[in-house]
Amino acid sequence: MEIAVVHGPNLGRLGKRLPEVYGTKGLDDLAADLRSAFPGVKWTFFQSNHEGALIDFMESSEADALIINGGALAHQSYALADALEAWERPAIEVHISNVFKREVFRHKSLLAPKVNGQIYGLGIKGYLLAAQWLIS
Amino acid sequence: MEIAVVHGPNLGRLGKRLPEVYGTKGLDDLAADLRSAFPGVKWTFFQSNHEGALIDFMESSEADALIINGGALAHQSYALADALEAWERPAIEVHISNVFKREVFRHKSLLAPKVNGQIYGLGIKGYLLAAQWLIS
Amino acid sequence: MEIAVVHGPNLGRLGKRLPEVYGTKGLDDLAADLRSAFPGVKWTFFQSNHEGALIDFMESSEADALIINGGALAHQSYALADALEAWERPAIEVHISNVFKREVFRHKSLLAPKVNGQIYGLGIKGYLLAAQWLIS
Amino acid sequence: MEIAVVHGPNLGRLGKRLPEVYGTKGLDDLAADLRSAFPGVKWTFFQSNHEGALIDFMESSEADALIINGGALAHQSYALADALEAWERPAIEVHISNVFKREVFRHKSLLAPKVNGQIYGLGIKGYLLAAQWLIS
Amino acid sequence: MEIAVVHGPNLGRLGKRLPEVYGTKGLDDLAADLRSAFPGVKWTFFQSNHEGALIDFMESSEADALIINGGALAHQSYALADALEAWERPAIEVHISNVFKREVFRHKSLLAPKVNGQIYGLGIKGYLLAAQWLIS
Amino acid sequence: MEIAVVHGPNLGRLGKRLPEVYGTKGLDDLAADLRSAFPGVKWTFFQSNHEGALIDFMESSEADALIINGGALAHQSYALADALEAWERPAIEVHISNVFKREVFRHKSLLAPKVNGQIYGLGIKGYLLAAQWLIS
Amino acid sequence: MEIAVVHGPNLGRLGKRLPEVYGTKGLDDLAADLRSAFPGVKWTFFQSNHEGALIDFMESSEADALIINGGALAHQSYALADALEAWERPAIEVHISNVFKREVFRHKSLLAPKVNGQIYGLGIKGYLLAAQWLIS
Amino acid sequence: MEIAVVHGPNLGRLGKRLPEVYGTKGLDDLAADLRSAFPGVKWTFFQSNHEGALIDFMESSEADALIINGGALAHQSYALADALEAWERPAIEVHISNVFKREVFRHKSLLAPKVNGQIYGLGIKGYLLAAQWLIS
Amino acid sequence: MEIAVVHGPNLGRLGKRLPEVYGTKGLDDLAADLRSAFPGVKWTFFQSNHEGALIDFMESSEADALIINGGALAHQSYALADALEAWERPAIEVHISNVFKREVFRHKSLLAPKVNGQIYGLGIKGYLLAAQWLIS
Amino acid sequence: MEIAVVHGPNLGRLGKRLPEVYGTKGLDDLAADLRSAFPGVKWTFFQSNHEGALIDFMESSEADALIINGGALAHQSYALADALEAWERPAIEVHISNVFKREVFRHKSLLAPKVNGQIYGLGIKGYLLAAQWLIS
Amino acid sequence: MEIAVVHGPNLGRLGKRLPEVYGTKGLDDLAADLRSAFPGVKWTFFQSNHEGALIDFMESSEADALIINGGALAHQSYALADALEAWERPAIEVHISNVFKREVFRHKSLLAPKVNGQIYGLGIKGYLLAAQWLIS
Amino acid sequence: MEIAVVHGPNLGRLGKRLPEVYGTKGLDDLAADLRSAFPGVKWTFFQSNHEGALIDFMESSEADALIINGGALAHQSYALADALEAWERPAIEVHISNVFKREVFRHKSLLAPKVNGQIYGLGIKGYLLAAQWLIS
């Protein structure tokens, strides 16, 4: 089984940007955690600051399931939401922080109605819970 | 460790009401699943159609953590949100269905900013993931 | 055939509260009128100021049809609307006064999309017309 | 006693248009039903697709009471609402379908605050209930 | 010089409808007042409850100037506003009552930006002042 | 094959009203252009400033397809939209000017969701393209 | 009979500011016109850029009637509206330009519901018409 | 003279919940303060987390005056507002904190238009001022 | 101890303007009441219809505490709110009438978040309660 | 003559994504249809999921005319709208589906006011009609 | 060359009020800085808490250019905006703090569309940059 | 000291696009002006039509300060605003034109609360003033 983990803008600097909000672990740590917890899964990681590159990736990926954290694009990109609607395989949206405690614009995700479910605010561990659900 | 699982109005009929939305498992099944998966936890279950009874329960409970599915009260009760703010212990909000695919009034939870995080749309399994996070 | 007649908050004082709006007949008079006009029906009457008690009643009632006047809860309770959606038997919403001539918040009933139809503004007689439709 | 029954745009095709919403009975069937149920009433029927013609009719009619289904004009015509306010005799607004289950624009009737009461969603029988109230 | 005086829906009953708002003078009285005060003007009077008839009149009229009281259509008819924009001759909008003391929907006239000016709330005399401006 | 071409208020003066917006060709020129380009089609032309007359026409017409330019009624008439929904044959909405460059109220057409498609802003030629699509 | 003519901010420069909107006549010309047209009236003129001074004037004035052009304060000053409500004598609001053709904030006058009527868009002559109504 | 002091949800924990907002005194301290300051008054205290229980209390209470702090229900319960409207005796609404410095939803009280007046933000002493007004 | 009592526009006519709303006592009576009830306080009274004069006063005043009734400026003046924020000493906002029973614009006070608390709707006595709180 | 045909995000999968909405033809089929129908035109095709790439293309293209289907970017990209405004040559916006029957966010195109006209809802044939207009 | 520097309400206390927002320099320091940096300019300084006084000043000033910081009036005074529109000479609006990080009401300046440009958030130095632009 | 100057979409064509709005100078001229005026600064220039590329640049840049003109992305890109928030060094936002005189969507910059200050509407010279502030 292959699971793709997709991150949107500014998340490449995870662990360095706003550590009081996002924690100090980076994308590499996340990848290591996921590989270690689910060694039987084929993991694919993709991060880009480019909306178009995220859509390109999703169009060409043949993974069986998706974990997506769109960053700010979750709140502004109908194009990414359209791509997610065309994915047609299991998908979970993750946000590391509790977006409902932050600015109003982060309270509404355009991606949310296009996925199976959401895990928000549970930090890096949210990805592990998402993976657990996808493989169960 | 004690975890309280609190359900709001109409969830007493879980498994019978709208099974195409909520599935066919009832609260008893959920309790059995949680006890079986986490035998070391002391589980307390509480369901009520009364906003006041939910607040009464939360005021008197001495559990270490909370999993709450407020039902429709999640979207309309500032009183419940105030009670949750006064809880001051770990708490996760769960919705069984993907609320963002349903009526607009369900898109906004007044409880969401008062908890650590949210798990929405992942069915009965969402409670198990919530428990796993709380005990980790 | 059994018909349940459910009244929400403040309607226990019907006939005493705001008689220029609601008239001088109380719930007892209403019950007498219905029993007299439809002697072959088994009538069940329930009034409560508690949203939760109204939902409890609807969950346990086995009546064949429902006439509901939710009082102010008609305009604010998604939980009651959810309970009504789960009723799945004939139901009519009644308001005694013409709510569209009163405060704006009374112009929108959350219960209205969950019932077969509405009879508003026709006074106590509105219940009799509702009963007539339900038994026809 | 004379009762006028007024229908607005597109209701001339009642029974043919959207039968899954409005049923298969036409205006002629409705007239027959009313005459048969209330033979002592003098019935006047008027249907027009023209807002102006509806107002002309109401200005010249000398009926004792009115049953009005304004069709889409109920939701958009302040001119018809002004005419109804000038009617100054008993009047009931009827909609055949439950307008609160349909498009949002149908949830607000400009005519509603100008009549005694409303009967919505009870099909063709709603007119019979209205008549019963008017003659009682 | 020819001046056309155009009235919209429900104004045919001027003097009879809502006399506490509109006064007791009718359209005939108004015509007499205008003819008497400005005998040198050729007066044309037109009233209709039909939006289309008002537009027909304006398309065919060759009057030099216009006084228009659209009634409720002033607040809802873009079609009438378009016709007024195509008039391209002097025009004044009159309302007999002070619309800003009445329902909110009457506070905005769609016709107002299409005329030279407005005279509101000055009763029947408003037409005489309008005429005086048009001939000066 | 019969195609009906329906025009709403103020379009009878096409070619004379606002020529810098609508061009100098009138409805007769349009008819000639259509007859000349599609001689095999039976053409029916109808223009009215009366909403009711437009609905009457559509109720009685037996044409195979419709081209409709509702004028200002496109933006204000739910009754016309209801009639169009009942048409149940191919239909295209045309606007001569680019409505999105004009006043905000013209940006939303109530007719648009009731037709197959829209051709806006392409002048008189828009009708010819519409015809071409309908017969193809 | 005494009539007070009150002007708000920026109107002291009438005739110099935006002559394409307001014309070239100044307040002095207006005074001369009014005195000449109505020699039997005792005229009082007051202009101020200070909201407080306008209210002070109105509190102390003993004129029999008022013509007021509040300038931009008409659209922003509830304090001036309160003062006008306390005036309790005949009053007319005048705007020189057709405010409904200008910025949206000028479409709503807070003073309008506090006066007898309004004359807008008829230039300097609007004051003369207002005076004529007040003395009639 | 009897004065009823009614508290809504979460106020049972006054003195323990959010002491930086509400202070450290509890309901018992408040009762002691009131009894001590106004020994001649018969005091009745009622607190509930249940909207329905608050309405039940108000329906059955025969006190001469009311001091009410509805907690979060002040901002969300039309049913409580209706009960207060039916109270028809002197009543004052109190909030301990300055609600206008807190979340926006607390800025609007549904109870405020149903009482004589409001005392907000003056801490526990606000109740003493309210009592002083009621007995004066 | 010095307390300044500041009144905004139109309140100079207290006792004369709208006595059914504000009562018949004037500012002089209020001053007498306060001096009599709290003889140990040094009282300073200031009323102005000028927003600027109110700010000037507050900038120069060295009183220990403030009671302010801004009149209509309470609802429209951010400048006055800024001045109040800079006051940095105890302050209470008073309204004589229950503003929540009046026009919507009076429901929101820009001054409210800048003071310690509010006393609304308790008439002239509200000032005495405010004074009592400030000196306690 | 050269015509550029530009497609935005997710349209590269045309024919595969949501065939019940967009049909089964892909971009290659569209290109073939256009080349076949208009062999004298020099056709340039460009599709990208990258907003920036679309703008880059438009900045460098020297085509004589443009047909653009921006996909979801039509509804969210002011940057693309700015690029289109700078195009300054004939351009038509096409949507394959009737966007007015779909989600609300698709009802407003930011590109619409920047082109000559729009053809919506007519499927793949919409491009052929657009081409016909551009070359006529 | 003469440059007028105009300050609105509460800015007379610059350096004393909210120093963490506005810094510790006062208007005198600002004047000294400007005179020192641009000795060839004739400087005129004007500050008032009175909207009317600011307009009076601008009507009578014959300076060649203007630097204006309207304080809270920037966000509430259409009268001041009208005066600025009538200025018709170069003008720059300055705010000392970054208004977009503060309350929402400060995000919109009514003065902004009436000046050449804006310099916000750059502290006292913003005035020096404004001056440099005006004399260049 | 190094200053980065970043430009968003469509600004690569500065000097050619809309010269009546933006002037005739291009990015090269701007670079020359800045190098000439501040020869001691190390200047880095970056322009892209790609939101992602702008974020990439900002993530990797080690400049000491930033001048940013986001073009249309200033008004629509939360992702760019997030990147700017993570910049954590001095930054100024510049717009060449007075955005408050243009379309409404340009009045709100998402970048504005993330920078030290703004300079809008002062043309190419705005960059020079920004530089002067950054190096002072």
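Every chain is named by a letter (A, B, C, D, E, F, G, H, I, J, K and L) in the order it is written, and numbering of its residues begins at 1.
Quick note on the criterion: a residue touches a chain if its C-beta (ideal position, glycine included) is under 8 Å from a C-beta of that chain, and two chains touch if they have at least 3 such contacts.
Remember, it's a predicted structure, so these values are computed and weren't measured experimentally.
Q: Hop across touching chains from chain K and tell me the fewest hops that reach chain L.
A: 1
Q: Residue numbers at the chain B-chain C interface: does the shared fraction exceed half, giving same, or fall under half, giving different?
A: On the two sides of the chain C and chain B interface, the residue numbers are mostly different, under half being shared.
Q: Pick from E-G, J-L or B-C: which interface has over half of its contact pairs in common with K-L?
A: E-G
Q: Report the inter-chain centroid distance for chain E and chain F in whole angstrom, where each centroid is the mean of the CA atoms.
A: Centre-to-centre distance between chain E and chain F: 31 Å.
Q: Centroid of chain A to centroid of chain F, CA atoms only: how many Å?
A: One centre to the other, that is 48 Å.
Q: Can you compute the centre-to-centre distance for chain H and chain I, using the mean CA position of each chain? Integer Å is fine.
A: 24
Q: So which bits of chain A are touching at least two other chains?
A: Where chain A meets two or more other chains at a single residue, that happens at 50-53, 76.
Q: For this entry, which pairs of chains touch?
A: A-B, A-J, A-L, B-C, B-H, C-D, C-H, D-E, D-F, E-F, E-G, F-J, G-I, G-K, H-I, I-K, J-L, K-L
Q: Which stretch or stretches of chain E touch chain G in the complex?
A: Touching chain G: residues 92, 98, 100-101, 107-109, 112-113, 115-123, 125-126, 129, 132-133, 136 of chain E.
Q: Can you list the chain J residues touching chain L in their complex?
A: Interface residues on the chain J side: 50-53, 55-56, 59, 76-79, 81-83, 85-86.
Q: Which part of chain L faces chain J closely enough to touch in the complex?
A: Touch list, chain L to chain J: 8-10, 12-13, 17-18, 48-53, 71-73, 75-76, 105.
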